[in-house]
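Following this line, the structures themselves.
You will see two complexes here that share chain A, one where it goes with chain B and one where it goes with chain C.
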Partner chain A sequence: SHCSHIPLRSDYGYKVSLFSHLHQYSRKAPLTQQISIPATVIHPSIVRLGLQYSQGIVAGSNARSVALLHAFKQVIQDYSTPPNEELPRDLVNKLKPYISFLNQCRPLSASMGNAIKYIKKEISNIPSQCKEEEAKKKLLLCIDNYVNEKITLAAKAISKCAIDKISDGDVILVYGCSSLVNHILCEAFEKQRKFRVIVVDSRPRLEGREALRRLVKRGIRCTYVLISAVSYILPEVSKVFLGAHALLANGYVMSRVGTSQIALVAKAYNVPVLVCCETYKFCERVQTDSFVSNELDDPDDLIVTREGKTQLADWQSVKSLGLLNLVYDVTPPDFVDLVITELGMIPCTSVPVVLRVKNVDQ
Partner chain B sequence: MDEGELVEYFRTQMSQDPDVASAVAAIRSLLEFLKRDQSETILGLRENLTKAIGRLQEADSSVAVSSGGELFLRFISLTSLENPDLSQCRNVMIERGELFLKKISLSRGKVAKLCHTFIKDGAKILTHSSSRVVLKVLESAAADKKRFTVYVTESQPDSAGKLMADKLRRLNIPVTVVLDAAVGYIMEKVDLVIVGAEGVVESGGIINKIGTYQMAVCSKAHNKPFYVVAESFKFVRLYPLNQQDVPHRFKVSSFKCASCLLIPPPIS
Partner chain C sequence: MPGADKETDLGERIEAFLAELKRGGRGSGETARSTAALLRRITAQARWSSAGDLMEIIRKEGRRMTAAQPSETTVGNMVRRVLKIIREEYARSRGSSEEADQQESLHKLLTSGGSSEENFRQHFAPLKANVIEAINELLTELEGTTDNIAMQALEHIHSNEVIMTIGRSRTVEAFLKDAARKRKFHVIVAECAPFCQGHEMATSLSEDGIETTVIPDAAIFAVMSRVNKVIIGTQTVLANGGLRAVNGTHTLALAAKHHSTPLIVCAPMFKLSPQFPNEEDTFHKFVSPQEVLPFTEGEVLSKVNAHCPVFDYVPPELITLFISNIGGNAPSYIYRLMSELYHPEDHEL
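On to the complex of A and B.
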């Protein structure tokens, strides 16, 4: 089968035993080095996408989903049905090795998983008597509609709701770089709301710097702290806005590591926590801890070089030392006061209701 | 029917029957407005109704009028209005309006029937200020030959608790009026707390007379069950994050009394 052409990416370095069931790859050994491009069954735009994922050039769940859908559009445009094959079945089979390739470059996010499910369903629903050109046009239109409705228009709807919750004189705390939260803050600033923002950041990704750059460019007053100072800064804060990577069926919020910490401390100070999330990120999985399913990033990212000295340069040789670079964590619904989606403002525990309504619609 | 007449009709409804819920009076007025409305299109009708609801909210800024009006509008439009003849459509809407009014007029009785099973023989009940729903509940429990005693907070600034105590005494229920500040003192003696609500918000919390939040926090600390009785037309489309987030017009009712927000306490 096609899958045999894709080599399995090997794990790198010592894995902490609690997370030994997860993969840990090194950024210095991307999967693309092990496959020869012309002979491969992978479409070049997918190879490019995989490389962008594994090197962290495309990051953030909205960005990754949109990039994935654009790459799939390219694939569908270049696709031609082989003789004696039907487009719906053959195209779905063609996508399987691409998806497993992308999964090896970087584990798929929940939003990407939902997007892929949607595309596969649309492809299988193409009537078999439909001509190839027409079918391709229809699929491209479907993908454009998905991106437009679930991502672009959803962001607009969420901003409208969220701006009601931002009052003059507010001090808003944000964590890391969420495209949706940045969009909301910029819109609120355009609508002349008077507020200031505290950006909390954490190593090793330091994504807060990107958020800071975007907000300061608009003219919003910002303060920048590291996550270790969050209990110092929280008495000043009136609201916390968080983005989400996925919302699980039991109401838990899966987001960048450090989010549950911030929600916990905010609860201790009685500061309301608002999570902003589009409905396409809702997934049927249930998780109560961050161990069962997570992503391990390159452990070498934790090594820092200061004044020419790198302390952990040969950490691999120390038998009792392991470096753990977690990417996600889950926040229980007790710490979240409100979830803003394009369907309106819901409590965290109403996620299964939204999932049920979505399933009925489909 | 112009806006002045509408408000007059509403005020007459309220004064004729002091026991009627303000939302029910508002809906009766809206139904009358609908019957006398002269607009030529469905869209015009809806616009007029929305304006009428806005006018009523100015006259009586309580949460119940706001939620009742919105629910009324939603209920009557929740039907096929595709008949090209406007008068037919209007008749359908009026019919549904009457149905809605009939249903909600019975709601207090239904609430009382469901709730009085929570009151066991020999119970000591604490309640806050004067709520007609709670009165109905206690009335039906007394009619069921249950023996219980009631503590009512006097509920300043309008001393509404004293009115509640009078009404309960007339039903031969032993009642004691306590100071608002005595809630913490009395909590260990009572078995359960029952309060009414002005509005029920989307997060599951309630908006009620000032002093209810303290009572709820106290009862949680003492592990006493805290029950809220409210009709379904009080459910309002609001999601306040804290006390500040409640719109100011809901905090000051036409009777010039402040309201507070009661958010369900965190799961400890």
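On to the complex of A and C.
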């Protein structure tokens, strides 16, 4: 099959035994050295996208999905049906190696998975008598609509709902950098709500600094702490807003590692936890822990130099030492008080209802 | 004059000790030992005629020492231990039998009519030698604390366990290394940003052949479901059985409670302090926010508040067991140990 053209990327470093079923790649070794990319098989914009994913240049659920859809638009524009082939079947087959290549660069997110499913469905639904130019125009329009509806307009609708939940004098805690939560806070600030924000950050990604920059640029008053100081700062907080990577069918929230911890401590202090998530991130999968299905990032990221000493510099040479750099974790639904989506405010447990309604619509 | 020389020498040593305290960086075990040694020197070299004088001198020096570094509670604890020793030796010299229960019997409280009539003014010749000998015993006890705790390790760790710890504690390190001689188990160390002492702990444990994994603080809840026990050290054990421990410990304790994982605290007796956690302005200690948001982020730095607290409060309900050099105890028993170690009138130095 086409997938056999894509060589497998090799794992790096010692993997902690509980996670030996997952892949662990290094970011330092350039991707092009690890996988030899046959130029005839993969479209250049997909190669570029894969490199951007693997280096972390494009990061964040929404950003990755939008970048993916734009790249697919390029692919469709440059596509021409070979003779004796039908556009729907051939185009779908063409996309398979691209998807497995992107998966090697960085495991696909749930939102990307849903987007791909949507595109494949749209391509298969093209009537066979449709001319190529028309089909391509139709597909490009579909993709644009998808991005517009599911991401841009959804963000607007969620902001409107969420701003009702922000009152004057609030102290809002956010974790890491969620494009949706940042958008909500900036909108609320435009609408003259008086609040201040506490940004919680964690090693090794330190994404909170990016969120901090964006919020400070707008003029919002911010405080910044690391995740170990959460139980110190939580008594001051009135609400917690969290972003999500995916919402699973059993009500668990899959998000950046550390989110479940923040929800846990917030619950202990009786602070409401609100998760903001677009419906295109809802996922049929179910998960009960953060082990079975997760992503392992480059373990070298944990190494740090303090006061001239790098403790873990040769961790590879020590046989019994392992470094674990998890990317995601799952938050149980009892820690989450409310999920804000573009369909309204729902409890965590209503996710399968929304999935069913969406399936019926489609 | 020899007397004056001794006094200036003593004064110099006290100043040197205070300077060392202010500088910080010493482990609490070392601080406890040097405090006890200094108090022994004060007993030997200072001028005093009755137990009351000695207690006044020690109290005065004790106040200066605790003021030099308020977060280092072992200093105050050692001072209180020595004051208790002096009271006991005085009572023994006077010939009164074990009056240990004088503050505990309700009957005594009602019939004694007011505070104790002891004024410690009587002079006893052998008192000095007795007090110095008792302080020597205290020092011997202090030297052996880490070993005493480590000896109990095999009673608490079974094979193929997954143990989680946070940051770096010399007591826990010795505890785990002692168990590793006979049992095979896996240790997960949370690195404890921003100082990342966990890294040092992990390298030290893995050098002894213990399977170690380092995780960032954000992953504590994520991996907790596979952990069998949480074993931590602490900076101070408070009077209500709660802890003042390194920041991130409260989150760890909550995660352990959620998964019903036992939380074991390895703390030697000299960390037990008669403080309560409600004192807002003395409980927390902060370091430079530069650790959290470095100066390279200059643009945002001026517009943002950054906090870097060093300690966390862990309430006693989250703790399962205390392991100290005198054995294992539940948090509800801490008040009793407190009354054995310190006299209630010494709680305020």
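Here is the rule we go by: the second predicted complex is superposed on the first by the 350 of 362 C-alpha atoms of A that agree within 3 Å, B and C clash if a C-alpha of one lies under 4 Å from a C-alpha of the other, contacts with A are read in each partner's own complex, and residues count from 1 in each chain.
As a convention for this text, a contact is a pair of C-beta atoms (placed from the backbone, for glycine too) under 8 Å apart; a residue touches a chain by one contact, two chains touch by 3 or more.
From a predicted model like this one, the values you see are computed outputs, not experimental measurements.
Asks: Sharing chain A, do chain B and chain C clash or fit in the superposition?
Replies: fit
Asks: Just chain B (first), just chain C (second), both, or neither: which does A:100 touch?
Replies: Neither: A:100 stays clear of chain B and chain C.
Asks: In the superposed arrangement, does A:74 touch chain B (first), chain C (second), both or neither?
Replies: neither
Asks: Scan A:337 for contacts with chain B and chain C and give back first, second, both or neither.
Replies: first
Asks: So, does A:212 touch the first partner chain B, the second partner chain C, both, or neither?
Replies: Second partner only, chain C.
Asks: Is A:250 touching the first partner chain B, the second partner chain C, both, or neither of them?
Replies: neither
Asks: Quick one: name whichever of chain B and chain C touches more residues of chain A.
Replies: On the superposition, C touches more of the residues of chain A.
Asks: Output check: A:55 vs chain B and chain C. Expected answer is one of first, second, both, neither. What do you get?
Replies: Touch status of A:55: no partner.
Asks: For A:26, using the defined touch cut-off, is the partner it touches chain B, chain C, both, or neither? Pick first, second, both or neither.
Replies: Neither: A:26 stays clear of chain B and chain C.
Asks: Could you say whether A:316 touches chain B, chain C, both of them, or neither, answering first, second, both or neither?
Replies: In the superposition, A:316 touches no partner, neither chain B nor chain C.
Asks: Just how close are chain B and chain C at their nearest CA atoms in the overlay, in Å?
Replies: 10
Asks: On chain A, what residues does chain B touch that chain C touches as well?
Replies: none
Asks: Quick check: in the complex, which residue numbers of chain A touch chain C?
Replies: Checking each residue of chain A against chain C gives 16, 18, 202-204, 209, 212-213, 216, 222-233, 256-258, 260-261, 264-265, 268, 289-291, 302, 304, 306, 311-312, 315, 318-326, 329-330.
Asks: Could you please specify the touching residues of chain C with respect to chain A in the complex?
Replies: Residues 191-196, 199-200, 202-203, 206-207, 209-223, 225-226, 247-248, 250-251, 254-255, 258, 284, 292-293, 297, 299-300, 303-309, 312 of chain C touch chain A in their complex.
Asks: Note which residues of chain A are touching chain B in the complex, please.
Replies: Its residues touching chain B are 165, 167, 239, 267, 270, 272, 274, 334, 337-338, 345-347.
Asks: What residues of chain B sit close enough to touch chain A in their complex?
Replies: Touching chain A from chain B are residues 202-204, 239, 241-242, 244-245, 266-267.
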